[in-house]
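When the chains are written out, they are named A, B, C and D in that same order, and each has its own residue count from 1.
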Amino acid sequence: MFFENDRPYEECGVFGIWGTRDTDASRAIYYGLTALQHRGQESAGIVVCDTNGPIGNICAHKDMGLVSEVFHNDILDKLKGNIGIGHVRYSTAGASCVENAQPFSLNYAKGTLALAHNGNVINADEMKAKLESEGAIFSGSSDSEVIAYSIARERMNTDSIEKAAVNISKKLIGGYALLIMSPQKLIGVRDPLGLKPLSLGKAGDAYILSSESCAITAVGGTLIRDIEPGEIVIITKEGIKSEIMATAPKKAHCIFEYIYFARLDSRIDNINVYDARLRGGMALAKRYPVEADVVTGVPESGITAAVGYAKYSGIPFVPAFAKNSYVGRTFIKPTQSERASAVHIKLSVIESVVKDKRVVLIDDSIVRGTTIAGLIDMMRRAGALSVHVRISSPPFLYPCFYGTDVPDNSQLIASNSSTEEIRKRIGADSLEYMHLEDFEQMTGDLEICKACFDGKYPLENKSEV
Amino acid sequence: MFFENDRPYEECGVFGIWGTRDTDASRAIYYGLTALQHRGQESAGIVVCDTNGPIGNICAHKDMGLVSEVFHNDILDKLKGNIGIGHVRYSTAGASCVENAQPFSLNYAKGTLALAHNGNVINADEMKAKLESEGAIFSGSSDSEVIAYSIARERMNTDSIEKAAVNISKKLIGGYALLIMSPQKLIGVRDPLGLKPLSLGKAGDAYILSSESCAITAVGGTLIRDIEPGEIVIITKEGIKSEIMATAPKKAHCIFEYIYFARLDSRIDNINVYDARLRGGMALAKRYPVEADVVTGVPESGITAAVGYAKYSGIPFVPAFAKNSYVGRTFIKPTQSERASAVHIKLSVIESVVKDKRVVLIDDSIVRGTTIAGLIDMMRRAGALSVHVRISSPPFLYPCFYGTDVPDNSQLIASNSSTEEIRKRIGADSLEYMHLEDFEQMTGDLEICKACFDGKYPLENKSEV
Amino acid sequence: MFFENDRPYEECGVFGIWGTRDTDASRAIYYGLTALQHRGQESAGIVVCDTNGPIGNICAHKDMGLVSEVFHNDILDKLKGNIGIGHVRYSTAGASCVENAQPFSLNYAKGTLALAHNGNVINADEMKAKLESEGAIFSGSSDSEVIAYSIARERMNTDSIEKAAVNISKKLIGGYALLIMSPQKLIGVRDPLGLKPLSLGKAGDAYILSSESCAITAVGGTLIRDIEPGEIVIITKEGIKSEIMATAPKKAHCIFEYIYFARLDSRIDNINVYDARLRGGMALAKRYPVEADVVTGVPESGITAAVGYAKYSGIPFVPAFAKNSYVGRTFIKPTQSERASAVHIKLSVIESVVKDKRVVLIDDSIVRGTTIAGLIDMMRRAGALSVHVRISSPPFLYPCFYGTDVPDNSQLIASNSSTEEIRKRIGADSLEYMHLEDFEQMTGDLEICKACFDGKYPLENKSEV
Amino acid sequence: MFFENDRPYEECGVFGIWGTRDTDASRAIYYGLTALQHRGQESAGIVVCDTNGPIGNICAHKDMGLVSEVFHNDILDKLKGNIGIGHVRYSTAGASCVENAQPFSLNYAKGTLALAHNGNVINADEMKAKLESEGAIFSGSSDSEVIAYSIARERMNTDSIEKAAVNISKKLIGGYALLIMSPQKLIGVRDPLGLKPLSLGKAGDAYILSSESCAITAVGGTLIRDIEPGEIVIITKEGIKSEIMATAPKKAHCIFEYIYFARLDSRIDNINVYDARLRGGMALAKRYPVEADVVTGVPESGITAAVGYAKYSGIPFVPAFAKNSYVGRTFIKPTQSERASAVHIKLSVIESVVKDKRVVLIDDSIVRGTTIAGLIDMMRRAGALSVHVRISSPPFLYPCFYGTDVPDNSQLIASNSSTEEIRKRIGADSLEYMHLEDFEQMTGDLEICKACFDGKYPLENKSEV
């Protein structure tokens, strides 16, 4: 799963920092967002504030594109401040415009407020309609604006921005990780189900809030802990405070972070993503063993599960593909009529690794099946005796309402075909998907949401969307 | 070795195609050059000709940048033709300008001629001076122009372009792979020592000449064989002809293609690059064994040797690094004063893989040592008990005169320090470089040039440069 | 007065169209805004709506830059609709960002609303503070948003958008021309003093509202009449309705439209700009005659007054300067140490015209005086016997609070020096400014605001800003 | 005549400087080329050399685009040198590519040579063929390369570059102004007929060679004199030398420089362009008088002749058009079906000037006639009683072989229609073209080439092209 149109998408990554007097917040956020870039490549934004200066002077920059495209040295130089929040976003084509880029900021009686969020609030439209009926006026159509607006409005009737954030968060239904910045405070909120990840870290004397711990490490910091489901943390010059604003009877951590989204070196809810992925591969090996000579994985998403499969089965793991890292966004894809194919140009098989071998090939999912079919074909032409495919997740069967852009049924080979039909279609000697029960091997007793696989949604009104 | 300023550079890749009537040569070359992009990222160029139309109508486009930056669909649409040659180039900063981009074309009494070359002709300046003393006039300063000019001039006194190419090639001293195109012919020439690689392939009815076989495969073709050292092949509508224009008493294939330059899935002079690199790792394990729990490699250049080390030693290979693929050319590198470091942002260690483990870390070379020092430090902080470094090549000690941009002494940690000093500097528990004798393990009885390691140059006047 | 930093600035131009079913509103607005480009070069924007389709589908595009830079064919193609409004803006550097580009649009319970305005509302901050104290939340800091917000909010308690527009307009203090678009209506409002111009025109069956009549003509239409001070016009599919929403005891049309801002071919408040400027030149000649051989003007701003001076005095008018039209925004200005000067490169004097002549040189104003000093020097070096400068406006002495960005005192040569001192500084043989009483010659009995010259502001609370 | 596709084109402008030790040649050339930009907008280039440093170090930059687009501060900073030459070029679409941008430089036994030329050498192809038959090899197809090559080649058999330039120039047939730079010398050559202009000037201690004197003035210098037809000037550190290398029985200065090409403030061959154009208008008035109330001209090309017509006839000259200077290269032209027209958007008539008036309208030529027809129509709709058109040149009837891109017959309204037919087509009350005999009024006894009007070419083999 490595082509743009052949994978599920996470919608966002958030990164915030509360630095000391001399912290260059915008550069720290720049590096943090670069480490979270895998969570969203459509737009990027940074908002900073200088707590040393006059209150309320917030600077922002956001635009369409990668972090390294949106920000240059001269822009970072202008974003002066020691605290700030940043955001990377992916969204479906329709709503893809700079107006929807985050963070979102607004001005009101109590000053200025900026907000970045990852996730999907199911009742945002409902909240917006209600607010509009009460006279609210919006400049755009994003649910971020609805949340920011609601918090600002609530703030006018409460003592503090954190109390307002708590009051509003309690009303939000769905999965979300929020970063809120007022000129004097940095606040992080995580949904009561824990659907979306949010980590707390420290770099020197600076506090960091980040979607994933890999970004904390990237800026030279260390992970302190995860923000708890339903927890709000407030960072001010007095230090860090915390409160559990709401609890859910059961947690529902998104399993897809472990299968695919999160970066290999992140640690989410006390589980290393690498370990979970490795154990997933081991569970695959235990449940679906096969006689073979080598185990390999589709770069990069299938590699770790392949290492796990190898570890359990005793069959050696060997990288079997050379990847062309120069095939980027502007690459002109070959047309059907040309001999060259996009898959061949992006990946090629190392003949020596597979020749006269029985191969186990691991990937994390199958969307349309065209990529894996191409790879299997390459392997056979390179002399593989057999290719046994093992997928480190069950087939997608249900839509996600909490912010994960799972491909819809029309695109999914699994929604229209049996496993045997897919096996034939992709040309594998055998094909097995991870068993739902084996998620326990991956994530132990962590309470997870796996609704996209089994249709059991953690919230009742999930289908209102 | 993955940072721009921390590795040796190859100077070029060439790709030519002689297609049938309907071949879209420019697109085939586009995909071929994309597969050779690792050989040069500074400039790219394509020259094509339509043998169906009026004789001599050659179209060209070249510019600074990656293949995907230089060529767009509308440009490829204008490059109409069924035969053509292309080039990707790296060069040192000084001479970095569009005037030196290749292929180089010229007009003369016999028509038009285009030329692309990979390598370095030691006596180019001498030839140029002699030609100038005889009245030659040049528009630029590249040795490509000297070669093209010489061939054009020779052509005026000979029957055919191939005869001219033979006569001139005999005078060239150094390492080179040349592609020459006249409106009716595609010619490939390889230096008598075989210093530079050149492969012959076929895709359907089209013939291909390419620096590496990986590009032949990328366009859906298959490798036929290597062009022999000293061989010239002439492809016309009558088919392919070949001649040995010159022989050397001993061949001198550049060992660096196997150690570092060539792509993992290429096959050069009947040796798979992957196999050579794997056997290099095995030889390292045999000569420099160590008690350890895991073997890993620096992505991407150290991975295959690590797999080999693991295979021989029986210690399991595990990928230990997560790589951030969004750190590209426009990325703003952190300054010294910032906590974040370029190495940390580009690569991060997977804690679970190395924690409480004795680790063998493989890379293909050490230039300044800053990168590997950073990685070792990361590993220790992730809990590695010990880090034993094994380098899959000997230390660079001598300059290369044949087209490989080996870092000069001032940059090389090895030229000023003993292995023990380097070990201390990078913070490794042990450090060993590949032994010169072990190249035999990599490439068998292939006659190789390893002058950059032992100073034994295959040509006497190597030092005239 | 032709250099960026050597002239006063108008802040905006607005253009709206209510077309028939097939009108391509975005292209008409594109041409209209191009004709109003002299009123603002910083940003440009267009919002359109298709009244044939489902209600409320508004499309917008705005960005920093000239109209021809912000809009391309593919963008105009996406802006489908038969009604729409557009805006060109200039603003001072500080607030120069895309967030402040207009038109401004917002969503609320009653749907969508877009607004473009030219002018300055003195009590906008006050209104904003009051709204915020009542709970209003804003996404930016522009007074356009305050007006749009106020109208949207008012709309929730009134029957119609036009009634809301009337109620809010009555509260606005200052100079303004507003265009408001709801999905079914196009509304134009002009301030009761008539400070800012707004014209009504027709092109075929389409109605047009424009800051100046020149833009109506540019799209092939004809001027119907000016919108009256205090008038609101509402255009719907039923046709056009009008109402006087408020009246002022005395009008106060901005004299600067006639002196400098408006385009030569516009007609504002029943006075042709060309005629006013011509009569201004005649009045100058009458009051400040001089013995001379030729009259000329600084291109383009001084030409028409020069023609008038010539007409009254009988001294022939001759264009005396060649203008280099290739000196644009990216031109690198010469430094002090270079012989070349920006004035010399932009304008050069025609020697034959001035040699051995006594010259009258007309310009519309003097800000720093550097440009005119350079021109006088050129004339002397070309052989002019004497150079008599006549300025077709009095010296700026007071700030403008109604949307005209008059240079502040620190920049103005006139605020610190007597006329005689200025004359010496610029090297003129004589220097005279238009007399305040002579405005009557220009604009007859039109009630004008000339506060920037005499400090008599039409509104009492002018100084609250 | 102001639209791109509605006027004849000059092909080039050249500018060279020999400065003192501290002269910043590249910036002086930048300003000089900006002043010559009207002579060519397709590409721009600068080559400089530092005579203080080691011999032969030439730096060059050229690209497609305007001078202000091709050069930025950082590029000029790199072009270090105290002597240099520059070039602006227009060419027809076919050969429009960066390879044909000038100056052209080459390397040969005697060093380096750069060349910039304006004009057309009729026998360039012949020279090239002959050189190729003798073994010459070219990198491109431009006649500049042929000239540069020939001079370099000749230099090898002569004592000096100036002697080589003389020998080769004698062989050139056609119109040309050449600037040649070797690392120690700056040379200017003008064709024996004087078809192309070339001026000598001085700025401080620096010598300047320029196509027009306006560029000498723009950099703060003064015109010394014109280079004589057939003269070569050589500037070295010893000063300036001159030689007449060839003479023609009769001169043939291009009349089009006076009618249209040259800038108003230039002086060419001792005649001020402004004066010539003014006298042209006077001659028109004398030969084709008409009863009228005002005289006006099409901006910018018809203005000066209109002033002349007014002067002779006593009818007052008044500027009658407002020009929109924001209609640039990226402007989207209206389609036929839109009410707006390109002519209307670019120019608009000042109603007051023409209403109830009999108008004389002057332009310098008519190509297709669409522009003038649009202007006449505007004038009538603005109330003009009659519009009498006077064209300040005769109709084009013959092609130019000397470097002026006169529109070909298929585009020319004059080549297919009688004057009466054209008058009807454009809707004028009367139409007269300048009489061939009246050129004497413009340029006195200057020997001119007016072949495009009368077919009498100054060279016999003019038709070989």
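Keep this in mind: contacts are C-beta pairs under 8 Å (C-beta built on N, C-alpha and C of every residue); 3 or more make two chains touch, one makes a residue touch a chain.
Note that the structure is predicted; figures quoted are calculated from it, not measured.
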If chain centres are mean C-alpha positions, then the most distant from chain C is chain B
Whole-angstrom distance, CA centroid of chain C to CA centroid of chain D, is 37
Rounded to the nearest Å, the gap separating the Cα centres of chain B and chain C is 62
CA centroids of chain B and chain D: separation to the nearest Å works out as 50
Each of the following residues of chain A touches two or more other chains, namely none
Chains touch in the following pairs A-B, A-C, B-D, C-D
Listed in rising order, the residues of chain A that touch chain B in the complex are 24, 27-28, 30-31, 34-35, 37-38, 41, 66-69, 71-73, 76, 203-204, 214, 217-221, 263-265, 267, 272, 274-275, 278, 300, 303-304, 307, 311, 316-319, 322-328, 330-332, 334, 338-341, 344-345, 348-353
Given the complex, residues on chain C that touch chain A span 104-109, 132-133, 135-141, 145, 149, 152-153, 156
